[in-house]
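Worksheet: the structure to be examined is printed underneath.
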């Protein structure tokens, strides 16, 4: 679905990206419908609002040698890295055939075969893991990189801050990507963070960029430059401004006043300016919506993971099993 | 005294309101606790009443703010720190294990450490492996910590008040699945002593020890056991540490059988602690092997059926107790 | 095969040399481990042999470098991370409890996690409350972790090799007080299976289970007990988890008595785990209450006499075992 | 011993400080002698090399309202804050009558009555505690501050980094004092830390200064300015260059090549330049040496804490006591 872009014109590539963004957005919308219907086991944190960042980042990466980790809010990132949408949806819905057969769930998407190592329930904990990915890539000398994606709130966790210094000290090929959506749960970024994020990263010795996902070309160029720079062997940091179009989790009504993401509208406008016909935009969007709805529908019609999903893990450690 | 029915959430909220009104040195620290009232809404309304000076919202920096709580407790305040999920203890565990727990000992009693860390526990709501753990015995295994796991509104309010007044660090564990559990409370929400178990059902054939949500499951099981002619006594320890071993031993001396039902780890957890303590003190009274019913030794699974299978339920308790009394 | 006498420190060092020579994917990560050879000198000489790429010195950032080890283990390397003292686990506990321990489960078996965290344990050298803890059961209570506590050079080397080859995360705990303990090893330092206890003394009257340094104290006690006509069997579990319950149960079925001597916590610790497991499986064989001998429930004190008093010693073991056999 | 300086001339004050520095240095020397003789239970980390920083900092503080925490290497700081030298020495030697009757030891000196809350065995862990001191002082509105002293190695711990952001976010009256002695155990600061420490602190929104303890007037002014600034209600950071004249711990021979601290020689030179007679300098030094030797000797002749030092703590929690 979120396929490769080699050998195409720039417009074709961008249109495909646009379609992929719509795929994520529609996927999350379909998950929201499932959640409202009570078909999701717990709470879900939707990626709605960071689609453009997810896709532009994902397309700079190489599944055969890069290792990516994400936060609790990583449906879009996992898809952008190439994780199978049906398996992702099944995992989120707790179904058989989910990435981890429903044992892990929305906050723990693992698709290492695509380079998407894992997302994480603990804010910031994914960041040291990506340093390990960078270390492996470095040791194997395959030109791969580690990429950690985290939020503005996570930027205040010791795990994230320590890893910035560690990556710089060891000169790891590691890219820190901070999605600044202005909020951490109900706390505004400005209330929780003193100083600027880029200055912070620079103070640890990282090369830092910032970009706004509303500005397609800028954002693309920045992410591409940052990945290229990192691939040459040094750690870097990018702050990407995104939005959080739902509340912290879906159903968290109090935050519904947040404005919808402008990023995709801006992207569409830019495509129009490049001469891409509205009809093509519509076709891409419709195709994406259809594909995403189909993926989530396929997942929703699959059986819930059975109690015996646990069976392979019973007695593994010799603990007393209840 | 006047009785009233409250949920645990409401009882905790009222207890905090009362305690903070009575004592200026009580402050609350945590993520999203002030204007937002906490993600579980336990601190709702406190910031309007007591202001931003006493209701302190923090960045996502648990080590820094738990540590700040420890330091504040050393220097005259009575901080109540909210750690959103006990699973997050990992990111601030040094401040709990080495700083909060050891400060009084290291000062040889010169320092008081009136710190409460309110946190949650309990699986059953599809929150997955890092938002569902029950780490009461992990905390209880650390010398210097008091650990409380209330199961009803009156206990929750009364024990929280006691925890806040206590001179040492207390980990106060609220079960997410019980926040809406209703029960009677008397006016004034009287304090309840730390370290005292409560017999929530009397019986003669078997003693079931079960804290927090497991107490409710044990009570449900007792009904079925009763219809099968088995009379079970259920003890809610309420305080995990110090554990009221005496109350449990008294019961086992009467019933001759011990079953511990617990949502924590099956290996070196609360259940093992109870079994070892009872074996040491009441071995001669035991008519059969003391047993435990704990989840399998895996992280908490996400999918509903697997999570259901993972948690001990009343059918499991009935089966275990029946096996023990028949043996 | 040719026998040789080595200290535990030397045996560990040789095992690392051999393992790293045999497998390019093994790397070491930690503070002061490369040129300095580690504060306990276990990694001495490795950096000269294997270079800075495989012997990685880090800043004092345990969360970052333990997490880097976890991530590296997910992506093809076999990291051996040194955590200088187990007391420091608090500053990186999330990476141990939630990341290392849960990754394989969360991947439903798709990820391997060949990670070893080498750390130290053990009181007795005046290191004080934050450099002396024995947290083996804290780790063992977390589903997904394997925990190893060797007590002699051959076991140390053989178990370390097995731990490095194992697909899951292993906490490998070296007792500071035993680094200079000497013992015979055979050439090649053969691997020893995880999860197998060793009977280090046969006896008929009482089973004493004692890991790490406590095994040595138990052996000393056995001499005295023997002269008093009490024949004690001593089992060194070697692996705390998975625990070789079978070996212990077999022994208790023979002796009828169980004493667990342990340097870890007395509440919800290794001793309680053994007692509960044996009670469940061999209750009928127990001739008296299974007992434990653990330090008092305080942090490790600094002053020598207090620290001596704190640690169980062989006189305590003799007394406890004597009481049990006389009862 | 390390008494107050009100109502004296500047030279008198400085001479007294000089004497206090020699007191710390001599105290540590006497502890080293005890350690070599086997009279110290474990390893000790000596403050030798940071005496000038310890004293100049300690003298800016007010025991009645400030709260100070220190690292594993805090003998000098505790003394500079006014802790009773005999009780400190007894604690280090594990004797009856030590600050904590020998239960805590060299890495855990607690003298809260002097404002010196605690030192710490865990690198960096003292820093959040000082934020609590700052919070208490702030809440009580007594004009007090929290002060955390830590090393260059500690500056890479999440606890320290998180607390910088927290203090800035809450605008706590907290002073971060980093002693840069160039080394953490056997790791050079330059190998473990990327970026500059002051830039790091500034990136978190702290006002930052740096000073060299070899330069008496500068160092004094910087610490005084920083304390004054913090007392007005905002967090600040000071990097003080000090030296580590012994190895990491005493007896750690491999590091004995470190050059002896120049700070006290520089201090003496400065005093001479101010017209303080050599004889006065000598008298001060001799008095300090005598006092320090007497304090440590008094401690060393006290009995080791007995086994029953533990008694008050047995059964406190109802655990099974061995």
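All chains are identified by letter, namely A, B, C and D, in their written order; residue positions are counted from 1 within each chain.
The definition used in the following text is that contacts are C-beta pairs under 8 Å (C-beta built on N, C-alpha and C of every residue); 3 or more make two chains touch, one makes a residue touch a chain.
Please read these numbers as outputs of a predicted model, since none were measured by experiment.
The chains touching subunit A as well as subunit D are B, C.
The distance from the centre of subunit A to the centre of subunit B, with each centre set as the mean of the Cα atoms, comes to 36 Å. With centres defined as mean CA coordinates, subunit C is found 40 Å away from subunit A.
The multi-chain contact residues of subunit C, meaning those touching 2 or more other chains, are 58-59, 61, 63-64, 87-88, 90-91, 94-95, 98, 105-106, 129-130, 143-144, 241, 243, 265, 267, 280, 292, 297-298.
In subunit A, the residues that reach two or more other chains under the touch definition are 101, 103-104, 108, 120-122, 125, 156-159, 162, 165-166, 169, 191-193, 313, 317-320. The touch graph of these protein chains is complete, with an edge between every pair of chains.
Interface of subunit C with subunit B (complex): residues 63, 87-91, 93-98, 101-102, 105-106, 129-130, 137-138, 140-144, 241, 243, 265, 267-273, 275-276, 279-281, 283-284, 286, 288-292, 297-299.
Here subunit C touches subunit A in the complex through residues 25, 27, 53-54, 56, 58-59, 61, 63-77, 79, 94-95, 98-99, 103, 105-111, 143-144, 146, 195, 241-243, 245, 277, 280, going by the rule given at the top. Of all the residues in subunit D, the ones that touch subunit C in their complex are 40-43, 94-95, 98, 101-108, 120-125, 153-154, 156-159, 184-187, 191-193, 304-310, 313-322.
Contact residues on subunit B toward subunit A in their complex (touch as defined above): 31-32, 35-36, 39, 57-61, 63-64, 87-88, 90-91, 125-131, 265-267, 292-298, 301-310, 312, 316. Per the touch definition, subunit A reaches subunit D in the complex via residues 156-159, 161-162, 165-166, 168-169, 191-196, 199-200, 202-206.
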